[in-house]
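Take a look at the structure set out below.
Order of writing sets the chain letters: A, B, C and D. Residues in each chain are counted from 1.
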Amino acid sequence: MTALLELRRQVCDLHAELVRNNLVTWTSGNVSGRVPGEDLFVIKASGISYDDLTPESIVVCDLDGKLVDGELSPSSDTDAHAYVYRNLPEVGGQVHTHSTYATAWAARAEPIPCVLTAMADEFGGEIPVGPFALIGDDSIGRGIVQTLSGHRSPAVLMQNHGVFTIGKDARAAVKAAVMCEDVARTVHIARQLGEPLPIPAADIDRLYDRYQNVYGQ
Amino acid sequence: MTALLELRRQVCDLHAELVRNNLVTWTSGNVSGRVPGEDLFVIKASGISYDDLTPESIVVCDLDGKLVDGELSPSSDTDAHAYVYRNLPEVGGQVHTHSTYATAWAARAEPIPCVLTAMADEFGGEIPVGPFALIGDDSIGRGIVQTLSGHRSPAVLMQNHGVFTIGKDARAAVKAAVMCEDVARTVHIARQLGEPLPIPAADIDRLYDRYQNVYGQ
Amino acid sequence: MTALLELRRQVCDLHAELVRNNLVTWTSGNVSGRVPGEDLFVIKASGISYDDLTPESIVVCDLDGKLVDGELSPSSDTDAHAYVYRNLPEVGGQVHTHSTYATAWAARAEPIPCVLTAMADEFGGEIPVGPFALIGDDSIGRGIVQTLSGHRSPAVLMQNHGVFTIGKDARAAVKAAVMCEDVARTVHIARQLGEPLPIPAADIDRLYDRYQNVYGQ
Amino acid sequence: MTALLELRRQVCDLHAELVRNNLVTWTSGNVSGRVPGEDLFVIKASGISYDDLTPESIVVCDLDGKLVDGELSPSSDTDAHAYVYRNLPEVGGQVHTHSTYATAWAARAEPIPCVLTAMADEFGGEIPVGPFALIGDDSIGRGIVQTLSGHRSPAVLMQNHGVFTIGKDARAAVKAAVMCEDVARTVHIARQLGEPLPIPAADIDRLYDRYQNVYGQ
């Protein structure tokens, strides 16, 4: 049970990165993390202020999205997270935000073209758009899984809605959410005054391969 | 009298959310709250710096906007707040700001179209525009009340001026002011590079209904 | 001499408002204040980081811009401040910044039209543009004085350069610099998606008159 | 060895300026500094969070970019820094960022025109664009050196990538990176609503000469 408490603490603390990177407003946005070796994940409770977040505000759900431990109702996005954990076993963490620039691309249902080397590094190509889907059943989760299948990108722009990101753990998904907003903003600003130059597909491949295998410690 | 002091403290503290969310500059912007069970409300004093705000800077007025308790002159927007409390008995709190993006829509007298699911959740449709009105009598209050009648939106963009929001209490009005600027910014940015896709009216209804009744604890 | 030390401390502290309101980058920007009853003013020393600012970094100059007290060289904008104090006896404080949005209007030599009630309140009309002028003699000071003559605005956009503001004291000039950037940003954003509606001249007059005489404590 | 430790501490601390000035996201961006009198330089280790940076995260490399002291792998941009130190002996410090507005110009491969006096002061003309170059060999370093040869600008926009700046020491390179983003943003915003006025070449020369020789203490 100590490992679970530690995961709840980690996921709790990672929400501070959403705040620090200006990805969330009021109580929107959430982070979840799969419990290693169990059919469970932890996720932010619904409608809690980031100031008031404690490990107790990170509740435990099964892969159908049902609350199994915790006093509070889970995030209203829990069904989407659960669907992704059920269908993508390699995913260990997820993030959802309405971050400004990424959501602006999503409002136009326009993928973000890969015109920055940092974008090739992290996303390996464009950031794709998923369908318009209502909350309340598996629609959002299904749209995420279908859109990310066949893409290197750990981020998807859900039409008229916002961003969902996946990663091997919650921290990787947070990084993808932070980088997604960063490239969404830079490419938006580049396009305000003209057309950014494309990066050849073979160079995107080289950059992605190197970054995934060489960067860091 | 303890309940009144507690309300003054709450309204005082809520101004910090305006600062934190970058909705106000210098001393512009104010929060008010109705005193439950009495024909009174509390509101920020005029021209006080947010750094210097204490519960004593939150003065008590009657529903004609006349000061009834406090050493300081009330906000120059007091008449507008008073008119709204007199005419909309369900309103328990109000906020006024000149937040950047919302005020930019107001300068063009253009309503913000509902093209984000988060906007459907909170505003239930577009954010409407109220008339140009001078300070100094009931004109602004009347414009707010007339515009919000028949709208789900708790926010109105007053032409060439800024935003007024209402709520069941002061905290709800602050949330509406924060979310109004957030969607004003995202929709503005979306429209800079093309036309956002509309959300069908029936889906806006479903999103609004669910958010108002299911979200949170 | 205590009054002079107090003024140096006030002017020192007011630089923190430039930082907090994101009006300055690195060491650009400065505040000065006239010494009441003497032909002297105090101004930031040249090239000092805002972190390192102490009352000792605020040096004393005569109205020809010559250093009369202090160990450090005065701001490279001292000649401009001195010219304004010599020629506008009602001015008790000045601020100079390269704040982003105001400087963007200055780069196009385009005055900011008065399309916001907050702008009518503080500036009483458009914010005018002064000439292109090189540093090193009276050119900048002369451009400021000539442009502000016959204007209510306490701010002038110097072409290709940045903003100078004046006030009855240093704090009033800081307020004008903060509000200038705020309205420069809001009107810029409003114009990105269309033309803001004008405010009739008679209403600008009413707003300006009321704000200058009724607002605050 | 005390001087080397002091340099590692300085370079470590200078990364905080990148964070404070919003030039970096997650772990992107780095500062390096030449070790005076030796064929060595110090540089940030790869993929370390700015929160976790200590002098031990600043490792020592020779001018071929090989690690000679430190437990951690050096930045993936080390080859580029090494090439510049080998080929430009007057360079004592370098900075690399993907700061938003400068990178937006780089995505279009468009130099930033010199339309601000602050830009004439610091850059002495336009900020030039270097070629598209892949990481992994001398391509980036060679592009930096070739582009900056014959330019006063201490900053170069590498196509589709980001900014590299040089200086007499690491602090000067940080200042150039901060000012580069500042002018990239202001000129971008100016151009959104029209064409900024040019500054005559002779005036750019006068401003640059004065700023390099008179400004500061």
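The rule is short, and it goes like this: contacts are C-beta pairs under 8 Å (C-beta built on N, C-alpha and C of every residue); 3 or more make two chains touch, one makes a residue touch a chain.
All values reported here derive from a predicted model rather than from experimental measurement.
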Message = Taking each chain's centre as the mean of its CA atoms, which one is most distant from subunit D?
response = B
Remark   = Turning subunit B onto subunit C by a C-alpha fit takes a rotation, in degrees to the nearest 5, of 90
Ask   = In terms of residue numbering, is the interface formed by subunit A and subunit D classified as same (over half shared) or different (under half shared)?
value = different
Inquiry  = Taking the mean of the C-alpha atoms as each chain's centre, how many Å separate subunit A from subunit D?
reply    = 31
Ask   = Roughly how far is subunit A from subunit C, going centre to centre by Cα mean, in whole Å?
value = 44
Task = Spell out, as numbers or ranges, the residues of subunit C touching 2 or more other chains.
result = 192
Message = Is the chain-to-chain touch network here best called a line, a ring, a star, complete, or other?
response = ring
Message = If we use the touch criterion from the header, which chain pairs count as touching?
response = A-B, A-D, B-C, C-D
Key: subunit B residues within the subunit C interface of the complex   = 25-28, 45-48, 72-73, 76, 98, 100-101, 103-105, 107-110, 132, 134-136, 159-162, 188, 191-192
Ask   = Which of the residues in subunit B end up touching subunit A in this complex?
value = 21, 115-118, 175, 178-179, 182, 185-187, 189-190, 192-197, 199, 203, 206-207, 210, 214-217
